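The same chain A turns up in both complexes below, where it pairs with chain B and then with chain C.
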Partner chain A sequence: MKHKVLEVNDLTIIYRTLEGNVHAVDDVSFSIEKGESLCLVGESGSGKSTIALAIMRALPPNAKILRGEIILNGKDLLRMDEKEFSKIRGKELSIIFQDPAASFNPLFTVGETISDVLKYKLGINDKKKIKEIALRALKEAGLPDVERVYNSYPHELSGGMLQRASIAIAISVNPSLLIADEPTTMLDVTLQAQILETLKDLKDRLGLSILFVTHNLGVAAFICDKTLIVYAGRALEYGSTEEILKRPLHPYTRKLLKSVPRIGAKREKLPFIPGSLPDLRNPPRGCIFAPRCEEAREICFKVRPKMLEYHPGHYVACHKYSEGNWG
Partner chain B sequence: MGVSREYLIQRTLLLFAVVLGVVIIVFIITRIIPAHPELLWAGPHATLKQIEEARKELMLDKPIYVQLYYYLINFFKGNWGVSWRTHRPVFDDIINYLPATLELVTVAFIIAIVVGIPLGVLAAIKRGSWIDAVIRVLSVTGASVPVFWLAMIAQLIFSSKLGWLPGFKRVDEIVVLETGFRKITGFILLDSLIERNWAVFIDALKHIILPSLVLSVYPMGLSARMTRALMIEVLNEQHFRASIAWGIPKRTALFKYALKNVIAPVIASLGLSFGYTLVGAYLVELIFNWPGLGYYTAMALLSYDYPAIIGSITFVAIFYTVINMIVDIIHAAIDPRVKL
Partner chain C sequence: MMVSSEVKLMMKLLIKNKVSFAGFIIVLTFIFVGILAPFITPYPADARGWVFHMNQRLLPPSWKHPFGTDEFGRDMLSRVILGSRYSLIISVSVIGLALLIGVPIGLVAGYLGGKVGSALMRIADMFLAFPPLLLAVAMAATLGRGLRNVIISLAISWWPWYTRLMYVQTNSIKTMPYIDAAKVLGLRTPTILFKHILPNAITPVMVQAALDMGSAILEAAGLSFLGVGVKPPTPEWGLLVTEGWASINRAWWISLFPGLAILITVLGFNLMADGLREITDPRLRRLLISRGGRI
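Presenting the complex of A and B:
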């Protein structure tokens, strides 16, 4: 068996608001092996970022983790004190964000930011050495003219270049796990494909493990070995990306597949499925997708379906696939 | 950082327009007030004839636009007229009284920044806690208490009642005489340092504590409030969270990265509030008998000393414009996106 880099078990997270508790993530489990990439796929508001932020221990203050474990290299991140975690943050665990332009402090050059990360995370104090590593990482991330990028302020660089710079920061520390929360959504289409290409290349060459967040199954098909379909905070289907694309089981996944925008297509539209997400402050009792599901039957509105292994390594939470329920 | 020639030309023109406007307005106002400055000029025992001559000499018998015309011509030549009270050139008077005010205001601003900004940062980090509440109440109070009231109370308590600190003047004349202290720049703290005259330095320091503290309360409250608000904003910015997520230690992320985003706007708002602080300085000077521009202007006002009034008010306008130009330049030096 391969070494598991990340294991998320029964993760349940709510946001406390004045209008009541938002059940943003409910009983979600998945795992990532070394050198493997996993995609969290789901429409807007399904809790993908909440999961990613929980792993980074960067949830907003009104969030509360009710249950579950997040195990990175054998250690539970949720049962770690801040001091211990601060050693892991930005070292074993790094991240690239959706909006590259907003990820950099406008008053500091890219070089200053990356150098500070290296200084504190790799514990190097030699300025020349730091710069050397930084330039190498920038090159690795596919940037031309790395010296100029190093000395540039964020507003002097394009979104694509900044996203490559944040990739450089993230990989320069050799993380065990790279989290990428929709890293290409803010970029225009030709750039998207190039950045994905770069990430895939890095994954193959450096053996990076990646948790990739996207609402586009096409992106998942391109870069991810495994896929977890999430909807309104719950996992609906889980398995190898290939298998899910070839043999989608859950009605929601099928809908998603039909509305896949291609990488490089003119504009990336959100998948269109009739209806909208249920109110997460008051989620339905049975299957969370039932209100929008064309195939839903009585049981779907009453009993919450369990995640079952339908094929080896291919899991689905739908009554359709449990014996006896579907008469 | 780049300061373009366009910016300098534009600012110089603006300065010129400000000066022209201020001179005209103040000139007209002073002439409209029914006072008899010729009496002051001629002295207490003047005859009617002497008073008539004084009127002619001061050109008070000419129409107001003629007076204004001559005044403006001379003004831009650097001749700001002769004070009717001190009988010395107004410009020289102003230069003479300026260091005392500058010293007071500078010390007050240093205190305001050094105390106000860290308090604002602390309040932002501890947002919602009792520390935050205390700092907020203090900063709002500080920005709303009238400075003359505070000055009198401070003087009453710490000088008159407790006798901890001197409540009048910049320095004790006896100390000055005994140590043979000489004026170089007019900034006593600076001059005594240059001369290594510690007795005068310490005495001047004691004298400046009360008035500068009183004067610093307003800009301190302002910078604490501004810093808090801006810091809270920055702490919610993606780039702050990114710097933490990428592993930059919290302290560095706060005091190196986030704070830099706060400094420029805080300094800008302090610059804008500079006029208000200067008014405060005038009141403080009067109360603490501080021989600065405020003191000089007040005396000029009380004795209808027209050239001195116009001169000192115009000087303040120039000063204010220049300060804001400096603030612009500081802003451009901090923020690479700003080009002047």
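Presenting the complex of A and C:
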């Protein structure tokens, strides 16, 4: 069996608000092996970013992790004290954010920012060596004229270049896991493709493990080996991306795939999923998707379906696929 | 290289705006005269004030005494010139002291937030509850007259304004991802505060400070005018205006020229600060650059 870089088991997170507890993430499990990429796909508010934040231990103060474990290279991140974790964060775990412009301090050059990371995270003090590593990382991230970028201030670079620079910083520490929280959402479409290409290339060449958070199935199809479909805080389907796209099992996934616009398709109204996300303060007792599901039967509203392995490596949480329950 | 081109651009923008450039020139002249004052007064002894010339009392402006003479026959031009030095000392030290107290408190309060932040800000609010000049008058009256006490009492009524400004700025900057990144790096809190947040937050405070330099001169003159400022015969501008007050019907020039000096200097600081605000505000600045320096 391959080495598991990240293992998330039964993760359950609530947000405590004045209007009651919001069940943001409910019983989610997945794992990432070395050199593998996994996409968390879901609509806004599905809890995908909450999962990513929980792994970085950067949840807002009103969030509470009720159950579960997050195991990185055999160590449970949730049972670690702050001091121990601070050695892991930014070194074994690095992250790329949505807005590259906000991730750089406008008063420092890109080079100064990378140097700080290398100095404090890897403990390198030799200036020449730092610059050498930094320039190499910038080149790896697909930036041209790295010497100029190294000496540039953030406002002198375009959004795409900055996002590449933040990828460079993220990979310069040789992380075991790279978390990418919608890294292409703020960029225009041509740049999105280029950045994804770069990340894919890095994954293949450096054997990088990536946790990708996105709402875009196209992105998942392009870069991810595995996909986890999350909806209203619960995992509905989990398996290899290819399997899920070719043979979607869960009614939600099927609907989702149908509502992706296709070039060359007949000009007609794009199908959508009627209804909206359930109220997560009082989640429905049965299947979370039942209220919007066309195929829902009585059992769906009463009993919560378990994640079952339908095909080898392809899991789904739907009564339709569990024998005995479905007439 | 990058910085110098930035400075060049700022100078260009400053020169383009005629009005704020005029303010800039006034301020430069004021600073220059203030520094050189003891060497360029026509009658240094008159300027310091410990002399009487009974034969030339209350002379109107003439070539010999362009600003006239006062009740003790002292040359007003010399006194106004030396007065600029006191105004310079007062404005620089009042604002400097207020920044020194106000900025770190606002920075810490904004960054820590919570109970400590609230406590610090409520202390600042207590000072803000009084009209600034009233507080300064009360302080100055308690401490007694003298240059040092004027500076202390003005600075004490001034720092909370910078605290407020800094507090708001810090609050918005501390949520930026690059500050989180600095925390993740394991940088110490003072490093984050002074190297990462302060330089990003200070610009509006500096513009406000430039504007306040003029107000500090005005308030110091106000204190002297009310009789709780510097001691005579110090040629402070506010005091000079008061000294001329009694004989304003016979000798208008004694109050007029120091008054004009106050007016022009304060105006200069205000015009300059207005221009500074325009070129440091990123949005206005874009507009300025694209329209060739004028809005």
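In this section, the second predicted complex is superposed on the first by the 315 of 327 C-alpha atoms of A that agree within 3 Å, B and C clash if a C-alpha of one lies under 4 Å from a C-alpha of the other, contacts with A are read in each partner's own complex, and residues count from 1 in each chain.
In this text, contacts are C-beta pairs under 8 Å (C-beta built on N, C-alpha and C of every residue); 3 or more make two chains touch, one makes a residue touch a chain.
Keep in mind that this is a model prediction, so the values were computed, not measured.
After superposition on chain A, the partners chain B and chain C collide with one another.
For chain A, the partner that touches more of its residues is B, with chain B and chain C as the two candidates.
Contacts of A:L107 after superposition: both chain B and chain C are touched. In the superposition on chain A, A:V173 makes contact with chain B only, not with chain C. After overlaying the two complexes on the shared chain, residue contacts for A:V117 are found with chain B and with chain C alike.
Of the two partner chains, chain B and chain C are each touched by A:G90.
Across the superposed pair, chain B and chain C both touch chain A at residues 58, 86, 89-90, 97, 99, 102-107, 116-117, 120-121, 153. Only residues 2, 176-182, 184-187, 196, 199-200 of chain C touch chain A when the two sit together in their complex. The touching residues of chain A, when paired with chain B in their complex, are 56, 58, 86, 89-91, 94-95, 97, 99, 102-108, 113, 116-117, 120-121, 153, 155, 166, 169-170, 173. The part of chain A that touches chain C in the complex is made up of residues 58, 86, 89-90, 97, 99, 102-107, 116-117, 120-121, 153. Interface residues of chain B, counted against chain A in their complex, comprise 237-250, 252, 256-258, 260-261, 334-337.
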